[in-house]
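Written below as C-alpha cells is the structure these notes are about.
In this document, chain identifiers A, B, C and D correspond to the written order of the chains, with residue numbering beginning at 1 in each.
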C-alpha cells in the first residue's frame, strides 16, 4: 500500500468539511445559529456554507438561544436535520429548558413516533484565554440528561467522523467542540475523509501496562503528553479517549482498567459531580477486584471558571496528572 | 425532663413557618414566585404570608422564571434576601442561565464584594402521580454548579431548620423540597421550633454495622423502611441522611463507611452522572482499604421521568434496595 | 375589515445613517383596535354561513360535554388531572376548525379539546392526563404537536415547523395556542420575533382567560391588551371576543389565509374566561369572586351562538337536541372507554429513550425484567 | 415634547366580561415617533446649557481617546479583548452623566466607557478584559453592576434592584444598557414586562448600533423600530439619534425623571453605529462595506457636538485643545498603569466561591499550595 502525502488540516477545517459534506449529501441538513451565515461563525467553523448552500440552509438567526433551539425542534418535527451552533458553552444555558424538556424527551414521550435528529454544536472548555462565560466545560449538565447523546472529538479525524455521525443520528446529539483544539493540526485528507465512526466507541490512543488514563476532548493531548513524560518515572500509561460520553463505551474502559489495575480520569470540567464521577463509580463497581488503588481524578477545581490569567492553575496539566499517578499506591 | 405532647405537623407547615419566622425577624426577606401570594402557592407552602406581610413581601410575579430569578438577583444586589419559589422542578429550567451565569458566580466574580443571599425553593422528585415536568429530580444540575449550596430536608424538623439556615445564608442556596414528603407528619412544635442546624451536616438517622445506606430527601423514608426490612435478612444497616449535597459532609459519610465496610447510595435522580456518582467516587477514594465490596447505587433509571402509571417501577423501593444490599459480596 | 400590513423582515432601513435615514412611515403599524372584534349580536351576523355555524354549534355543545365528562373522570380517578376549558370552547373549536388537513396545531397543556375537535380520538388526547404515556398518538398523523406543559415552549416549535414547511415549498400553516400567562415567558418573545423575521406562516392565538392559575392579568402585564405586543415584532395584532365563535373564526381564518399567502405571522388575543378552576385540583375561590364568574357565565360561548342561530332561524329545537344527543353519545363512549384499565408494559420505559438502547439501559431493563419475573413468581 | 403616559399595572379592565368591558381608549398608548429625536442641528439646540455641553464635549473627547487607547492595549497584549464604542460615545457618556450619585448603572460587556465616565477607574473597569478578575471594583461603591456578558441578563437585575430600592423608599433609578441584538433574548422581554407590571424606576437604553457581531438589524427584528417594543409592555418608547448627545441626554433625563417620580419604566432606542469591528478579534469587512461605515463617520458624535458648539460660540479652539489635552493625559496614565504586570494570587481562586470554604475547596487549595511551593523550590 502506498500512502499519499496530504497537507495537514485543522480541526476547524474538518468540522467545516463535515457539515459541508452532510449538507451536500442530504438536503434536509440545515445549519443555524448566531453569526453562522455571512461571518461563518466566530470560530469560522461554518465558513462558506451560506455561500455554497444559501442563507436558507445556513442561517443567521436572531440572537436568542431558546428560540434557536426551539425553532430547530419545530424544523426537526417537520423532517429537517438542524445543526445548531451555540456560540460559546455558557451561551447554551438560555436554551436549557428547550433542551431538557423537549429535545431530550420528544422521542420518549411520543413513544418513538417523533424523534428529533438535532445536532447541537457547543464550543467548550478553556485554555484559550477567554473571559468569563467563554470557557465553561458544561458537559455535566448534558450527560445528566437522559435522551441526549453527548459526543466530543479530540482529533482532526474524529472531528469529521463524529460530526458526520452526529448529524446522521436520528437522536439529538450535543456535540462538544474542544475550542482550544480548533487549530490543532493533523495529516488528514479532506478529499478522502475517514470512514464515519459510529457514536459510542472509545479508543485506546496509547497502550500501556501500568495504569489507564481515561479522558476526552481537550484533555487528550495533555494525557498523551503526560504518558510520554511518565516513561521517565517508569510508568507505562495507557490512554483511553472516550469520544462519546453518552453512550459510554464501558467495554473499552473496563477492559483497559482490568488490564492495568489502576486508573485516573482526567477532564477540565469541575470535579465535583462532573463526568469523571460517573466513570469512577462505574469502574470501581465493574473492576473492584482488579483495582490496585482507588480510581483518582484530575479535573478542574470546584470553582467558577477562573480569570484567564489564572486558568493554567485550574486546568489539568501534565504535572498534576503525574502527581496523581504517583498516588496510585505503587508500593502495594 | 418532661416532654410536652405536641400535635403532629406536616413538612408543608414547617416550611411555611420557617418563611414566616424569617420574614418576621428580618424585613429584608421577600418571598416571590408564581401564585405564591393570594393562592399561597400550588402546594400552599406560602399560605398566609401575603396576608400577614403584604403583597410587597410575598409577591405574585409574572409567569417568567428567568425574570423571577433575575429580578431576585437585582433585589439581592440591593440588600434584600429573596426567597424564590419555582413552581415545579422542571419549571426552574428557564432560569438556568440566570442561575449558572449569575447567581452562582456573583460572589466570586466580585471577589466577595457582592454575595447573593438568595434562596431558591424547588419542589422536586416524583411519587405523587405528577404528569411530565412535575416529577424531575434535577439535583445533578445544581450540584455540578460551583457557587451554589444545595440542600434538601427529609424530615419535618429539618424542613424548618434547613430553610431557616438557607434564608440566613449569605450565599445562594438551592433548597430542594421533596414534594412527596410535603404531607409527611411528625411531632414538631411550631411554637418551639428546633434550633437551626447549619448547612452542610449529614446525620446518621439509624446506626447499623453491616452496611451504610447513604441517601437524602424523598428516599430517606424508603431507606429507613429498607433498613427495618433488612433485619429479617440479618443485615444491620446504617442510614445516613445527607441533608446537604453541597457542601457534602464527607466526614460523616466516610466515618460510617469505614465502620461498616459496605455502602449503597440511594436517590431518585437518574443514576448516570447523578449525585450518587460523586459519592461513590469519593467513598472509594477515601475508604478504599475499608471496602469489602464495591459501592453500589440504587437510583432512578437513566430515562426521562416515566408516566405516573409506571413511576413505581422507576423509583428506588425497598425491594430494589435489599436486592442491591444482597450484592455487596457478603460471601467474601 | 382588513389589517394593515406591516414592514416585514426585509426592512433594513436602519443600517443607513440618520442623516439619510427615513422611517417607512407609509407602512407604520396600526395599533390593534382595543375593542374586541365581535360578530354575534351585531349586524355582521347576518352574513354568517348557516351550515358552518351549525357545525360550530354542534362542536361547541360536544366540547362543553367533553369538558364535563373529563372533569367527571377526574372524580372517578380515571384522569389524574384535567384543566377545563369550560367557557373557552369557542376558541378551542375555532382553532381546530380553521385549519386545513395539512396544517399543524400546537396545543398547550390545556387544549385537549382543540385536539379532539381537530379529529383526535379523545382517549388518545387524554393519555397524558390519565397518567399514561405522554402522547397517545403519532403527532405527524394528526399534525397535532404533543401537548406542551412548559408554558410557551411550543411557540418556537410552531415557528420552526412552519418555517421548515415554507422552505420545502409546502402549503402548511401552524397555529399555536398559548395562555395569557404564557405571554410573559421569554419563549413567547423569541418565538414571535423569529416568526416575524422569518415571515413564517404561523398564527399565535392567545387565549386570555383572565388568569394564570391564581394570577390575574393585571399582575401579568401592563399593556393595554396582549394584542398590542404584536407591534414590537412588526406583525399584525388582533383582539377578538373569545366567546364569540363567529368572530374568533373570522379573525383566525383571516390570519391563516394571510400566513398561507406568504404574508407572515399574526398575533391574536381572544378575550375569554376560565369558568372552572385551573384544574380539578385547584380551589378558585381563593383568588376570585362568584360575581365575576357569574358575569362571564352570562356571556357563555355556547349560549351566545345558540341565541343568535335560533333568533335567525338557523337552528331549531330539533337541531339543538341533535347536537345534545351527539354530545351525549360521545360522552358515553368516552366514559366507557376510559373505564377500561390501561395496560402499560413497564419494559417500554427503556424502549424509546434512544433509537438504540445504550448498554446502560439494557442493563437496567434486564434488572427490571428480573424484578417483574420474580414478582410474578411470588 | 411629552410622552403620553400609558395605562399602568393597575389596569385590570380585562377581568370584567366583554359585555361590560370597555378599553381605556382615553389612555391608549402612542406609537413611538419613528423619526429619531434630534437636538443638534435643529432650532432646539439654541436652548442648550453651555456648561453642560462643554462637559459633554470634554467627556466625548476623552471617551474617544479611551477607546483608541484600549484598542491599542489589545495590540500590546495588555488587554485580551476590547469591544470598542467608537461611534457610540454619545450614548455611553449620556448614560453616565444622566444619573445621580445614588442611581445604578447596569452596563453590558461593551460599556466600560459608560462605567469610566461615571467615575470608575479605567483600570478597574478593564480587569475583565485584560484577563484579570472579572469585576475590579465594588459594585456597591460605584453603583455600577458588573459588566454583563450574557446578553440581556443584566436587565432583570436592573429591574429587581430598582424595585427593591422603591420598596425600601429610596430615591434610586436604575439605567440598563443593552444592544440591538440583546433585544431578541427572552430576558429582555421578561425584564421589560416585570418593570412595567411593577412600575419599577428603571430606564432601558438600547444602543442600536446596527449589528450583533455580524448580524444586521434586519435579521434581528421586523419591527419598525426597537422603540416600538415598548407598546407591548405598556411603557413609553422613544427613538433618539444616538450620535446626538444633546438629544440622548434629554430623552434619557426625561425618562429618569419620570422613573424617579414614580412614573415607571421607559424604553429608549438610540440609533447609532459601531464604527469599529465587534472586538479587536473581529473582521468587520466580512459582513459590511466601507460605504456604510464612511456614511456613519460623517455623522460622528464628537464632531456633531463640536460643530454645534463652535458654531454657537460655546466652544473655541482653546476649549477643544483643553479637552484633547485632558484626554491625552488620561490615555497616558492608563497606558502606563496598564503596563504594570498585574499580580494575581492563585490561591484567591478558592477564596470567594462561598462565604466559607467547603472541605472540598480546602483540599484543592492545599493541593495547589503544595504545587506552587514545589514550583518555587525547583
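Just so it is clear, a residue touches a chain if its C-beta (ideal position, glycine included) is under 8 Å from a C-beta of that chain, and two chains touch if they have at least 3 such contacts.
Labels paired with UniProt names: A, B = 2-oxoisovalerate dehydrogenase; C, D = Pyruvate dehydrogenase.
In this text, all values refer to a predicted model and were calculated from it rather than measured experimentally.
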By mean C-alpha coordinates, which chain is most distant from subunit B?
D
Would you say A-C or A-D is joined by more C-beta pairs in contact?
A-C
Can you work out the whole-Å distance between the CA centroids of subunit A and subunit C?
40
Note: subunit D sits from subunit A at a C-alpha centroid distance in Å of 36
Centre-of-Cα separation between subunit B and subunit A, whole angstrom:
31
Could you say which residues in subunit A touch two or more other chains, in rising order?
61-62, 64, 66-67, 90, 93-94, 97, 101, 105, 108-109, 132-133, 146-147, 246, 272, 302-304
Would you give the residues of subunit C that are in contact with at least 2 other chains, written as numbers and ranges?
133-134, 150, 184-187, 189-190, 193, 197, 219-221, 348, 353, 358, 360
Under the definition above, what is the set of subunit A residues touching subunit C in their complex?
30, 56, 61-62, 64, 66-67, 69-80, 82, 94, 97-98, 101-102, 105-115, 146-147, 149, 169-171, 200, 246-248, 250-251
In the complex with subunit C, residue positions of subunit D that touch it:
6-12, 14-21, 23-25, 27-29, 31, 34-36, 38, 184-190, 193, 196-197, 199, 208, 210, 216-225, 228-235, 241, 243, 264, 271, 273, 292, 295-296, 298-299
Touching residues (chain side subunit D, partner subunit B) in the complex:
133-135, 137-140, 145-146, 150, 153, 155-165, 167-168, 172, 174, 186-187, 189-191, 193-194, 197, 348, 351-355, 358-360
Sites on subunit A touched by subunit B in the complex
66, 90, 93-94, 96-97, 100-101, 104-105, 108-109, 132-133, 140-141, 143-144, 146-147, 246, 270, 272-278, 280-281, 284-286, 288, 291, 293-297, 302-304
Per the touch rule above, subunit B residues touching subunit C in the complex are 34-35, 37-40, 42, 60-64, 66-67, 90-91, 93-94, 129, 131-134, 272, 301-304, 306-310, 313-314, 319-320, 323
